[in-house]
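Just below is one structure, and these are the notes that go with it.
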Amino acid sequence: MQDLQTRLAQHTDLGEWTQQRADLAFVTVAREHLHGLLRHLRDHEGFTHLVLLTAVDWLEDGQFQLTYLMNNRAAARDIGVRVLIPREGADMDSIHDLWPTAATYQRELREMFGIDFPGSPRVDEEFILEGWRDMPPYRRDFDTLKYAQEEFAERPGRVSKDPETHMKQKLYPDGA
Amino acid sequence: MKDELKPRIVKGPDGIEFEVDPLRDYYCEASPSVHPPVYVKIVEDFFNWARSESLWILGFGTGCGAIEMRPLMTPRFDAYRFGVQWRPTPRQANLLMISGYLSTKTLKRAIRSYEQMQSPKYVVGLGSCTINGGMYWDSYNTIKKLDEYLPVDLYIVGCMPRPEALLQGFEDLKQIIRAGKAEGANQYAEKFEWYKANQKKVIHDWDMPDYNW
Amino acid sequence: MVQDLSDRSQYPARNRDGTLDVDLTSGKYLKLWQGPNHPGITGNMSVELTVCGDEVVEGKTHVGYLHRGFEKLMERRTFIQCFPIVCRICVPEPDFNEYCYAAAVEELAGVEIPEQAKWIRTLILEMGRFNSLMMYLGGQSGSLGLGVIGQWTTYVRDLMLDRFEELTGARIYHMFILPGGVRDTLPEGFDARMEETLREAERTMKDVWNVMFQNAVFRKRTIGVGYINPALFDDYGVTGPTARGGGVAKDVRRDQPYLAYPDLEFEVNVARDSDIYSRADVRRRDALQSIDLIRQILAKMPRTGPVMAKMPNMLHWKIPRGETYIRGECSRGEYGFYVVTDGSGYPRRVNVRGPSYTHAMALLERLIVNCNIADVAALLVSLHTYPPEIER
Amino acid sequence: MPITTVLSPFRAWKFLFQNPVTVRDPLTERPGAPRYRGFHQNDAEKCVGCGTCETICQNGAIDMIDVGLAPKDGDSGLRPRIDYGRCCWCALCVDVCMTGSLSMSNAYTWTDANADAFRFTPGVDKKPWDNDQLGYRRPEGHALHGKDRVEMAELEPEARIGTFDEIVAGYDVARARLEADRCVECGLCVATCPAHMAIPQYIKAVRDGDYERGLALLYETNPFSQVCGRVCTHKCETACAAGHEGDPIAIRWLKRHITDQVPHKDYVRIVGKPKKAAKGEAKTIAVVGAGPAGLTAAYDLARQGHKVVVYEVRKHPGGMPRYGIPEYRLPYDILDADIDVIRAMGVEIKCETRVGSDITMDELKAKNDAVILAIGLHLGRSTRIPGSDHADVRKAVDLLRQVTDEDPVDVPKSLVVIGGGNVAMDIARTMARLQMKAYGEVAVTVTALEDKAHFLADPDEIRECGEEGIDIVDARGPQEVVIDADGRVEGLRTWRVQSIFDAQGRFAPSYDESDERIHPGDMVIEAIGQAAGVDMLGEGLTEALEWNRGRIQVDADGRTSESWLWAIGDCVKGPDVVHAVADGHRAAKSILAAFEGKGDEA
Amino acid sequence: MDFEWIRIPHALLTLLIVFLYGLLLGAVIQKIGARAGRRHGIPFYQNYIDLIKNYALRTTITHGFMFYLGPVFRLTGGVGLLLFVPTIYGVAMHENFSFAGDLILALYFVFFGSLGMALGAGESGHPYAAIGVSRGLSQVTAAELPFAIAVFAVALQYQTLSVTDIVAAQQGSVFNWTVFTNPLAVTAAMMSFLGSMMRPPFDVVLAPQEIPIGPPTEYHSAYLALMQSNRAIFPIAKMVIYMNLFFGGAANWPVFFLKVFLLYLFAAFVGVVFPRFRVEQSVRWFLVWGVPVAVAGLFWV
């Protein structure tokens, strides 16, 4: 895939290039280059199949990573395009004009990560959740266990003992 | 859909404005009431026997458990033999199988379906997730204890419970019904406030009336 | 590219912004919900239809009834703890989740699995594919009111589940493909019993052909119905038999072979017409192909050697930072796991790419326009969608 | 439409005359497959309550609960209770079970109207499927954690026999991580370790490569971590859950690995400065004997800001680890490093000071708020067989001390050791090395009362003895030191032991007199145990104290009948470094409590 | 024609026998259908239990007066149909209220039930019911057409509008049956018969996969039980007509049971192996195949 990297580099400013497998590479680009790069990949490099679009929350860095994974079936290779956007007030350009199906992905990202895609069809409609009031659940700082415990009743009567402390307590009741 | 269900002002052809509350039109708001068994015991026993031998399940696969329902109704296990059959509408069904976990979104539909069923009606919890949350014990979107929200008559444990376990469950449910112990509908009516409070606690988008038949 | 819809429909008109001009209060239209407790819907999802007479003018897929937040739950489970939970993502064909997850984790951790494990994995995937297709055939005919097919195919599926049970120890959630290999070898006498099952399956497939595919009414209801323009495949991420039914020979097993597929002989099944019948026929042939592949696997697979790679202590297994995507051809199309790790003992992010996600959402909403209500169920089933993998 | 497509479907009716394939009675006819993962079974006898199943259970379905079993070494007494409102039948708990006690039956039917009924403790609560023979068992060779101990580099017998160089090289970082990786953090070992070291935590530190944290954890509970990292009797490894179906974790070597990884100069910084006692609160304590017990107590007290002086009769502090353990097992500089840490806490060690003569107990009592007696066991016991009073019949402790002090030792060409404990092994191997140096060959025979299966010494020691050419003869009861006409020792006459204890369990060996052997040797070394020398107490104190079978009577914390005096370590308890350390902690705690409680006790 | 009061209990007895037999027959046919699916199917007494169960339910919800009348009309249609045609030929006890022009009344009753049902179901306010009703009416109308023509042909053939007379004309030999004397009319009628039996390929009215069982979507408890009762009586009544018009009637109960069973089986025989037509397809099918055959039958006469 070296050839592809070379060709793309002539076209766009490429960031970090990670060759994961012989047939799979990831590349980072700036958000303003994304649309052009995807269009180029689709129209000129044969990456016609949008496999998925998803986000990764790098909470520590204050960034979302959007991954656009594309597949070129004829050449049997995949490329994942990464775009890093700030977590605060996250929004991104919609690509539903390139792939209509991307609108679904963008709806999900809007709901699950709180990333806005202005202009994407039905992006503000509820998708999976209904009546959700907390922060978008796929964000790293959302604690699902805590939420579940506060929200839903659990069956009482569960206690567990730590073998280490239990043994100490039983065998050395005075703590020695 | 939600906008259409909100009360709105409509102007009639004669120019008079009046308020329309679609929910009021769509649904009945009568609270459920307790329907006691027939006074004559032998009649009630006979009815209970008939009810137990004719379990009509609402075809509502709420979770993974639905996958084992199909083998149940097909040649291998043929639950029709035991008086069990599917009904496509809640009106005609008497048995609600909660087949596994319920997301809050499904819970809302399950409650509606349950309330539309005619009493006496039975609820069977299928799989671990209905008992104590199962493997989704820390999920933000699934309920943990089914009996907080609906009166449950029987639990069948497993993940998935196999068709054989379900058949055993039907047999046990029949025993319960025949013994006259399956009074979930009355229990629901008696503790209606409690159930509603629990339901409303987790369903934030409560765009339905408190009781829809 | 989004095509102009006007060539297929005179009504309703479109507004300037491209939305449909549907005035519900006009009385011309009726809002109809299919689902979630609706026998024509595959599983717990719903389609909100706006109909005019018997014609659908707009359809919206509503999902989320099965949402458990797997991708979130996995972030707080160790790599081994994720293993029992992934198979629940897709109920009717759970093994693909196990495979994709295991393969992704293995790749990121740099683990090479033993040869025998590869073959057993392939075997399980093909058995799972067969089961899933049996469900489909029953569902497709059932959606048109032909019940017997579902009876037969479910019976064969039950037989295959018996094989699953003796191999993996469970009927539905097999939890057999562990990161690093598989749990165990084939049990004693498995081949013979499998052969018996396959023979029964072949007999049933013959009956299915006679009663379903050679059925005047079935043909009338499916040929030319639910047409998908092959030009739309890339726009809507169409893969698998749905694409192959339209003449596009997309098959990950051949395009980017994995596991033992390079050593197996098979043709990619393709049909031309891109209607419900073609898709059903492709899937029928896929099922026959699975039978053949299972035979090939049992004949060719090595029977000795380990089935698990040497692994570190799974209780605190950490995987260095990285990201990867593993795909495979499941019974419905391309199934894949996108896994990101950050050097800790927990996955940073897992994203599941199920074929139903694009098929049941954007594609269905596109196809359902101008469809007869009577065909909605058949159309939906013909896309072979499993709701749990849409919302996960 | 061709007419065949109208007729063909009617072929479905062929099934009308076939028998249906329905299972007649599915409730009883269909047992789960032999591998089926049904409800849990547990062999409660085999289970050790390690809780690893609880750790791995991603559903949080398993609780470790007290079922009334008493905890014992390597068994917490807890048993897993499974919540079937959570379980997903993945059987990871079976896969990970350390003892193989957990399994699954092939039963799968369980219904109940009561949601609270679906919890039970397999193997304890009776269930219909308890005795199912079929069901999921962990496949052969399938394990989620490593079963085999990671090998460690050590000197080959040929290379080590001629020198006193340390035999074991210790783990390198990579191997240590691999070994630490096997630990499942159950914590069964902690209670067994007399010092209750934070074993799972410091092993985790190894895994994380955070050696400073590891070291801090070690010195929290054991100021002799370096020593223990080499010569500890590692009871923890016997208790280790991994030992049931594989090798126990090499806890001792991992401890040593931590101490090896941190430069000695950093120790004091990591261990931390002692507390400053509030003004007027600082007490003074005297410790008699600079062995592990005394120094540990001193360390603990000094860290609380008290003033501690340790009196040691010998040239160097260290007690038995220095004078009893040979250098090839425990290099002296390692011991020194540990003692340096203790000194850095403000402990003053006065060597070559004999209590009783240089300073009396009464003086100590008068000058201090508390006194700790940690005098150890430095007097060798004698077999008292005929000839045992010969000059060439030596006691092991004396000889070892001589070697340590580099006093010249008259190395015999061949010798016989009596005893089957670790001291016997130590002296045998030490003498073997000296023989090797002097004569280039080894001629040592060890005779022990016990048979090989019941040896008191560590199996490792016995194995290494064998490797080094030492002849171990088991089940021999010494009868007489054979002395030749010239008055020189010629060997040891032994009888075969039939049993060591009588029916009442008392020590009363019986012999097969017909099986008599003479083990030739120029010297006989007795290594059958030691005694404490308590002359220094003085008559008054000896009178005042309560005694129990020749040992000072103490309470659980080491306090004697005299409220100002604590007696700890080997002189009151068993001979083992880590026990001594534990004793030291207990005494220190007791003293601190005494200070807190009633002010000046002394 | 003088009226004898004894005919009322006699007719009720007929009704009871038909009702019980109808429930049993339904189960037996289901069992036979289940065999094609390689399973046993429901117990033969299952329908009785289901009926009792539905009557025994404690709650009912009404959607207004018409909603309540729906099943009543439907049942009236079934009972009426049965009561005005002779069930057993030549046995006065089971001739019911047959009279000279009963064929016309019968035709009316066949349609009456559907209409009543349509009204009631429409009242339930459920869109599926409404769709089902509109489908049902268009299909029944289409299916009725060949039947009506066929009946006309038969009436023409035997020159009478009395069912009893038509049966009488067919006595003597098997070859006197209309099925042999006018096979084309019978074929058309049988096509129509398929269409009115609510079985594939003509069950689009109920189509559980599309519009969960259509008109009866909202019916439950006692309402449903009423409809179940009708489901037991109405098909039999209809088959009585078919039997009388085309298959020589029945002179005693065993023959009656056999003929009805075979007729019922015929519907199941086709129904089990075909999927369902869409509504416009089935309408077209009746018009393209049914009507011409029926008209040809008319000319045959």
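Observations on the structure shown:
Lettered A, B, C, D and E in written order, each chain numbered from 1.
Heads up, the rule we're going with is that contacts are C-beta pairs under 8 Å (C-beta built on N, C-alpha and C of every residue); 3 or more make two chains touch, one makes a residue touch a chain.
On a predicted model such as this, the values are computed, not experimentally measured, just so you know.
Among the other chains, D has the CA centre that is most remote from the centre of chain E. With B-E and C-D as the two chain pairs, more C-beta contacts join C-D.
Relative to the whole-protein C-alpha centroid, the nearest chain centroid is that of C. With every chain reduced to the mean of its CA atoms, the largest distance from chain C is reached by D. Distance from the chain B centre to the chain D centre is 60 Å, each centre being the mean of its Cα atoms. With centres taken as mean Cα positions, chain C sits 30 Å from chain B. With centres taken as mean Cα positions, chain C sits 23 Å from chain A.
The residues of chain A that reach two or more other chains are 129-130, 137, 142, 144-145, 155, listed in rising order. Contact of a single residue of chain D with at least two other chains is seen at positions 9, 12, 20-22, 58-59, 83, 85, 88-89, 115. Chain B has residues 74-76, 78, 81, 88, 105, 131-133, 135, 137-142, 145, 159, 162 in contact with two or more other chains.
According to the touch criterion at the top of this document, the contacting chain pairs are A-B, A-C, A-D, B-C, B-D, B-E, C-D, C-E, D-E.
Within the complex formed with chain D, the chain A residues making contact are 155, 157-168, 170-172, 174, 176. Against chain C, in their complex, chain B makes its touches with residues 1, 4, 58-64, 66-68, 70-71, 74-76, 86, 88, 90, 101, 103, 105-106, 109, 113, 135-136, 138-142, 159-160, 162. Those residues of chain E that touch chain C in the shared complex are 36-39, 127-128, 131, 200-201, 203-204, 207-212, 272-281. Of all residues in chain E, only 32, 34-40, 269, 272-274 touch chain D in the complex they form. Against chain A, the residues of chain C that register as touching in their complex are 2, 63-64, 67, 69, 71-73, 75-76, 107, 234-237, 239, 250, 255-256, 322-325, 327, 334, 336, 338, 340, 348-349, 351, 353, 357-358, 361-363, 366, 391.
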